[in-house]
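Naming follows writing order (A, B, C and D), and every chain is counted from residue 1.
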Amino acid sequence: MPVPAIEFKDLNFAYTGHPDSLKAVSFSLKKGSRTALVGPNGAGKTTLLLMCNGTLRPTSGEVLVGGEPIKYASRQLREVRRKVGMVFQNSDSQLFAPTLYQDVAFGPLNLGWGEDEIRQAVSDALFAVGLTGYERRPPHHLSGGEKKRAAIAGVLAMKPEILIFDEPTSSLDPAGAAEIMDLLEEINQQGVTILLSTHDVELAYSWADDVVLIEGGEILTHAKPCSVFCDADLMRRAHLTQPAVLSLHHHLACRGIMKDRDPPAGLLEMAQRIEEMAATTATHHPPAPIYLIDCASGLDGTLRLLMETVSSLRIGVMGTTAKRQLAEAGIVADFTYGVIDASILHALRQETVVIVTSGGMIDRVRKRIAEFCEESRIPLSLRPVGQNDTAEEC
Amino acid sequence: MPVPAIEFKDLNFAYTGHPDSLKAVSFSLKKGSRTALVGPNGAGKTTLLLMCNGTLRPTSGEVLVGGEPIKYASRQLREVRRKVGMVFQNSDSQLFAPTLYQDVAFGPLNLGWGEDEIRQAVSDALFAVGLTGYERRPPHHLSGGEKKRAAIAGVLAMKPEILIFDEPTSSLDPAGAAEIMDLLEEINQQGVTILLSTHDVELAYSWADDVVLIEGGEILTHAKPCSVFCDADLMRRAHLTQPAVLSLHHHLACRGIMKDRDPPAGLLEMAQRIEEMAATTATHHPPAPIYLIDCASGLDGTLRLLMETVSSLRIGVMGTTAKRQLAEAGIVADFTYGVIDASILHALRQETVVIVTSGGMIDRVRKRIAEFCEESRIPLSLRPVGQNDTAEEC
Amino acid sequence: MDHHFLDDYACRNALRGIDTRIKLILGLGGILIAISADTPYAPLFIAIILSIVTVFIAQIPARLYLALLFIPASFALMSVVVILFVTGGGVPIVTIPLPWLTLTATDAAALHALLILSRAIGGTCGLLFIALTTPVIELFSILRSLRLPDEFIDLAMLLYRSIFVIIGEAVAIYNAQVMRNGYSSFRKGIIAISMLASSLFIRAWDRGEELMTAMDLRCYDGKFEILEPTTAPTIYQFFPVLLFLSIAGILAFLPLPFPPL
Amino acid sequence: MHIMEGFLPSPWWQIWFILSAPFVIMGFYALRRMVHENREALPLLAVAGAFVFVLSSLKLPSVTGSCSHPTGTGLGSVLFGPFITSVLALIVLVYQALFLAHGGFSTLGANLFSMGIAGPVVAYAIFVAGKKAGINEIVTIFFAAAFANIITYVVTSLQLALAFPAEVGGIMASFVAFGAIFAITQIPLAIIEGLVIALVFKYIVQL
């Protein structure tokens, strides 16, 4: 078995003079996984997160980072804190330097890196979060979403292996939240293990590989999102509400209308299931094509061309690079999060979509669409534009 | 036409040295209505709210409260501020006295009320938000949800006619948010006009009578929630996402599977529509009964009796009085928000439900259930327990 | 950084229900008698009794209480050493020759230092008793009954609440800095604490403006409610306090021999 | 540097109360005038006081048990004048005693005089003088902060010396002794505080 990124072994914790806030917590995160720690306020989410990099010391039990138990001497803690980066719920308390450059450089400087190395790390981190050019701005003049990204840059600059986020989307609006989640996905794609806490079940349901449910300081379960969230009793115990799609599925299954198999993994799957069981069959026009633009080497007019030839084209964009290029070209995307599923939904409704992205995400698009074609037996046509204009029909 | 509670007439506003944050805003709120001001961060929501009680003064245009234009002299402003109460997004900045009693009494005292009147107003306000007995607590010993309720009490004590809430549920977990929304519903039932700002479309969709969509300082539309949120293009313009149920409906309608009539008003309606169009008809067991307990004169054992006789009884609770009584009796409710619809859903699945509530909400339960029976032609049985044990079959 | 103030314990202590005036008379009376005593008997008596009351009756954790007693230790130690060597009289008991002068401590100086130390310990126990059993929120009505200016009391009340908001932010910033390895050396610590203080200053300024709006929105007209005390002192509460102070007073002013031999 | 509870004997603790009283009473009047002229002054003062409290409960790096930063009140005296600052300092010192067990009630008068009156007045004077002389602001602030700290420590040493004069050499000898022993912690502390406050000022200007 590979070494887990973080492992909690029978962890107990109490703040002095208070009852236990964590009780017998044991679980581990696979390297490269993305996990949501879900629970109501006061369940102990933040306390548990503060254990991951040694900010709080357990009353009993231990925390292992990369297989090594955390030692609470300042020398060892420094290494743990470089490996395990943490982004707070309130970005304001994380941005304390007078300018963004100084803020992002704070971590690398304290790690004693060389000057050039620091400059490189800062510029990489700002690039990754899409804030290149903001170096001289005072952080408190940024918007809410920019502050969150600045806070992430400050942690990214230390090149962490594990990233911990406390309620990353709270107080952001849907567009801002979607951008942050997309950024987290990108960071995760680069091999960083991500653990985030949230009470937003819709977010956890659509984003996470695994869900850890916590309530009253105890871990209730650690499983796949759909199996956690479709257990109505478990959700009630944790004072949470089910995602709407699962709630609907649960009701229809109880009523005997929908076959009670695995809960749907998202809106797309739910829509397909309803189609299957519908009396009126769907109109059998073939789905519209999905275009795919690899923008690694720039947009070079392909997107403009497509926009001119295809009327009412929908544009989906994935990844910071693609987003920046679109912004520079002055093009507004239609969707920036959950792009692949949204694109399939649109294609099914005969609306032509183009996905602009780059790097490893190209493959993810391919895989997901092939997967859907196989499961649903609906042939979708994915057409890469640019280099080689051969369509991939599945 | 009756006088609107608040009216904005061609309002423009700019912070000094900045571009316009509000442009030609004109709309009005009916007395007793509940309206959600929906838009992304930075759209001008908070700025607009701060106009309602004269905290900000428009660059041009005017604001009318109860038909009277706001005058910006301090004496008149005091009267406007008593009439129009405002609850901030961050409760910490609203609680400034050392104890809850002092904080809630602050408004009435400065309005020059008599001592007894103040004491009565404070105790009523604390009762309304469910914080009776917390008088001597310092605010920093309250939880997030309690702080929010304390802030609401501070405003309620001034007996406002209009209540303005800036992002009332931000940073609360689903249970805490549901409690606040339930409280707002109760306050609204008592005749107080409510305007709240939010970027949570699910919340606005399920709670509001009317939705005002704002983006870039301009009002995009003012209409019923379902018509606003099912307009995918409008939502995109405002950087918002559609509620899941509407998104699903939109997709199915485009695919020609679901008839493209009015969008569903919620999960219950959506479920019914899917049933209608399903090939497999639902199992035709009659729905389970819905019990209704009026707890105005205490719970006096009826609920316990019901819990003993009906196995796996689901309990829904509406209103602060009912919640307090349940908490005192040590009974945990299954649902505390969206109770009526949830109860109908459960009844349809042959799960017996009891709704505990009091006062005007009894009638609302009756009306909503009768409405559903009529529309769906499914006979539900609503059984008041206690005083008169006659079932109402519809 | 610990932001669990003693006030948090005071809000939960077992003597919370006792009338504030009684507790103040007990604590302040103890302090006054301790610093007026000519022998260490009364201060030590006060220290022992008030410690017992605080730990066993008010149920303040003993470990916390002991830790608090050591807060002024460095001050006490340094000052007492000075007193030991500068005051004189009697027979020299310790002589430390230094290159440029010789330090001498006499037996009378030692007794004097012991007396000062015992007064400070007695006083500290009185202070801790008040701090750990009397929530600050209960003190404002007392300030008003002392006829202090309203503006002063209002300011004290607003300041009380603001401390908790601002210290919360300070702790959050501090944690964020530690997580990015701030304070890992002296130099880095200076930079980190300066950044903390400057961003806290900006935050405090914003908070001040928010506070102004919040008060205005509730029709602020220069008035502030005072929380009236719920309880009245009873004779049963008053009697043991009087008894304690009487014994302490007698111990302090009786011409008892010191040192006892 | 707080003098601990119970450490000053009669009549010295009473004398320092009496010496501090005029400043506080003047402060009460200044406060009343300020609040009546402008109601918004009260919340601002409260937040400034809270900031001073929080600043003074921060521990400076590498110096254990340090928790007196008279420059916080120095800042107050630049903003609000020395009299109102003495009122703020009074509240802050009472809260320090009640929240943190620093200082005490019987020594309140003495501590107020050294930290809430002497320190801020010196800081204010240096700040004004530096400005008039056209010295670099950061340098001025460094000296204002450092000297406010040093004067607090000098006054405290004097207070102790007056209460505990030496057998040989009297008050002067005792003053030298107290001054010498507290110099071990207070001189480095003054320099650190000067550095920190100067840096804080530099950062705030950048913001």
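Methods note: contacts are C-beta pairs under 8 Å (C-beta built on N, C-alpha and C of every residue); 3 or more make two chains touch, one makes a residue touch a chain.
Labels paired with UniProt names: A, B = ABC transporter ATP-binding protein; C = Cobalt ECF transporter T component CbiQ.
No experiment lies behind these values; they were computed from the predicted model shown.
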Which chain pair is joined by more contacting C-beta pairs, B-C or C-D?
C-D
From the mean C-alpha coordinate of subunit C to that of subunit D, what's the distance rounded to whole Å?
18
In whole angstrom, what separates the CA-based centres of subunit A and subunit C?
49
Measuring from the mean C-alpha position of subunit A to the mean C-alpha position of subunit B, what distance in angstrom results?
30
Residues of subunit D that touch two or more other chains sit at 43, 203-204, 207
Using the touch definition from the top, which residues of subunit A touch two or more other chains?
97-98, 140
Per-residue multi-chain contacts in subunit C, two or more chains
7, 136, 158, 160-162, 165, 192, 195-196, 198-199, 202, 207, 211, 215, 220, 222
In graph terms, nodes being chains and edges touches, is this line, ring, star, complete or other?
other
What pairs of chains are touching here?
A-B, A-C, A-D, B-C, C-D
Give every residue of subunit D touching subunit A within the complex, in rising order.
203-204, 206-207
Subunit C contact footprint on subunit A (complex, rising order)
16-17, 50, 53, 55, 74, 78, 81-82, 85-86, 88, 90, 92-98, 106-107, 109-111, 140, 154-155, 158
Note which residues of subunit A are touching subunit B in the complex, please.
40-42, 89, 143-145, 167, 170-176, 178, 199, 201-202, 236, 239-241, 243-245, 247-248, 251-252, 254-258, 267, 270-271, 274-275, 277-283, 334, 345, 348-349
List of subunit A residues in touch with subunit D within their complex:
97-99, 138, 140
In the complex with subunit C, residue positions of subunit D that touch it
1-10, 13, 28, 31-32, 35, 39-40, 42-51, 53-55, 57-62, 64-65, 87-88, 91-92, 94-95, 97-102, 104-106, 160, 164-168, 173-174, 177-178, 181-182, 185, 192, 195-197, 199-204, 207
